[in-house]
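Same chain, two partners: subunit A is paired with subunit B first, then with subunit C.
And now, the complex of A and B:
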């Protein structure tokens, strides 16, 4: 039997920041480790890191920049299945800020990625305007 | 990071050396320079300078570079008499006592400095990506040594001869130093700390500083860290006890770039797998996520 995927609109009170990190973390769920271990390093060592987020994941230094979408609202979604196996998708957190990270040594990609993404969104707007 | 009481850290009843304070609770490397003794600035005798490190091999804590300098005559008349001439004879309490005599002013003809390269700086330098941006341990060590010598020269000390203890190839390193500081003569040698008393002083400065920084990192007074070497069973036990499933260990404390850490994280059943770009580069072919029935294509499912 064919099943469906349905988006369930819902107002959410819980807010969070989203940090897009340059690695694949094979885990989805909650953790309390970030409270102590997700350290925002305020000491600027390189001019490339000025006004950027600097933190560490398992010894790797990652450099982050805020991504701003003035015309959009971002949510963290969760999924579940109903009794018939249909997929239900609903918002659980409203994302207040998004930061995109790259590894130290690869800071150039941080700017490249964002400019390409902005270009993609501009193109998307042009296509859908008509 | 919580720190234990300094009284406990100094087992032999000495005060905390001035080289320690700036490095406590710091993610980044810190340098400390003593005042240049007047006798050195006024001397016409040749000034000699020794360089040594402590903590290159351990998986935890900083790697400390120490330098010390004095006149050649002072080395002969004073330094050797205090027993610096054979560093093999120096035990931990003797080292602490000798360094206390230097920063306390009893041995007043010696200038010294340290740079404590933190576990965080060591790991992040070695883990830069792409691999050609890697800042390896030797480069980090050379740059710190060069900066320490440069600082001393800039403070007006006319250093004539520099003695450097090295674990790497001495000849190429000596040539590198001679080209940067043509005004100085260099002797770069393995085990220089047991040959040249001024290097032995530098070794004491570095080792005492590292040991105290490491002991101050204990969360409780009875926490057992071991020597910090990967082969030490107490250190391995500490790593096992402290390992967290997602982030591993504190970046203040542990050198993640050591193979011991990678192996421990990979072999533990409770650890969450994290894949980095270089891991994908070493795979034989791209691994694609199996198609899941009835799942919308979203950015996260595409990225699996």
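And now, the complex of A and C:
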């Protein structure tokens, strides 16, 4: 029998920010490393980094820019299977903001990718709406 | 990474429409382009609208620019071809409650016009193996849907459920009817509405989309400024058509680019741009020939060698040195043994 996948939206109390960092961490799960790490640097020296997140990962400077999804609610969702093998996707956290990061020196790529993503979504709405 | 793989990851970052507050089932339909290399698309219906699930990955180039990015060394990937991206989840009110996700992608829902898939059904025998083939007219035209009967909306939906994908039954009747109506010739009889999908209606429906793209053309797609104004607008129209190529079957694209209408004459745009391109190529070739000819006049031809005029050297008369018989005069004489 074919199984299904279903989003099961529900209100969640827990909130978090999602930071898409430019490195691959081979781990998924809880951590207390972020308690004193990944603190935003408030002293912005370069005008290039104004209105952007500036922080460090293992001493390397990374720059972040917000990714905005209009008319969308963002969640961290976890998946589980029911007795019949159907996939249920449920929210565990509500994501208040998403930031995408690149290493210092790669700021152009950061802006370029986000602006192209916005343009791609606008094109999608032109093609699929109305 | 496909939508399926991301969903199966166990923990994912998802952007859903604000109004989704009740369970929504995700289902698949065959890819509307009938391109065999493309996987079925994942959809869900909410509030009488269809949404497609898509993946966004940052720090990754698009397939179109793959070779250019490789040359420029723009992107780097892990040994298992993943992007260098992971996710930190930080609760600012309690930083101890932090999480790391190995995956750095976003699963998001975007509004989707289901008519593309009905169009895909109509051209279901027109299958291609790669996107490049969409730009070529097939040598042997594939058999089209020969069914000329009119059906009610529900009968049509049942037909697709039985012959194309059983997931068509998951589409609410009202939504189905509005999508079917966009590409069908309709007749009303005794209060009932009957539909028949027609290629001409498909082209008209696609034309509206091309006009919309053409009027709101993506700014990142640059039209060369060196082009004459009319050719630039033709190229813009061509690119607007090509932005749809990944969503429609080969024959639908071929019909679209041959379409002539007062709103936007696509055929004329393709013809005038092709003509300009050929003329430019011809001029370029002629210029190259002229340059070659100009250069060859200066270079001697291999068969006719020009004889070199012998340079006559003026004879220098050396004054004779008198030979003496002093001790030193015999110094350079070779010894006879």
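Following the convention adopted for this analysis, the second predicted complex is superposed on the first by the 126 of 130 C-alpha atoms of A that agree within 3 Å, B and C clash if a C-alpha of one lies under 4 Å from a C-alpha of the other, contacts with A are read in each partner's own complex, and residues count from 1 in each chain.
Note that in this section a contact is a pair of C-beta atoms (placed from the backbone, for glycine too) under 8 Å apart; a residue touches a chain by one contact, two chains touch by 3 or more.
A quick note: this is a predicted structure, and the numbers were derived from the prediction, not measured.
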First, second, both or neither for A:100, with subunit B first and subunit C second: second
So in the superposed three-chain picture, is A:87 touching just subunit B, just subunit C, both, or none of them (first/second/both/neither)? both
Name the contact category of A:76: first (subunit B only), second (subunit C only), both, or neither. second
Just to be sure I read the superposition right, which of the two partners does A:41 touch: subunit B = first, subunit C = second, or both, or neither? first
Contact-wise, after the overlay, does A:56 reach subunit B, subunit C, both or neither (first, second, both, neither)? first
Looking only at contacts as defined up top, I'd like to know whether subunit B or subunit C touches more of subunit A. C
Which parts of subunit A are touched by subunit B and by subunit C alike? 4-5, 22-27, 31, 33-34, 36, 38, 87, 89
Given the complex, residues on subunit C that touch subunit A span 7-18, 20-27, 44, 56, 58-59, 74, 78, 82-93, 95-104, 106, 108-113, 209, 212-213, 216, 218-220, 243-244, 247
Going by the contact rule at the top, pick out the subunit A residues touching subunit C in the complex. 4-9, 14-36, 38, 67, 69, 71-79, 87, 89, 91-93, 95, 98, 100, 102, 109, 113-117, 119, 121-130
Contact residues on subunit B for subunit A in the complex? 27-28, 120, 123-124, 127-130, 133-134, 244-248, 250-251, 254-257, 261, 265, 272-277, 294-296, 303-304
Which of the residues in subunit A come into contact with subunit B in the complex? 3-5, 22-27, 31, 33-34, 36-39, 41, 43, 45, 56-61, 85, 87, 89, 103-106
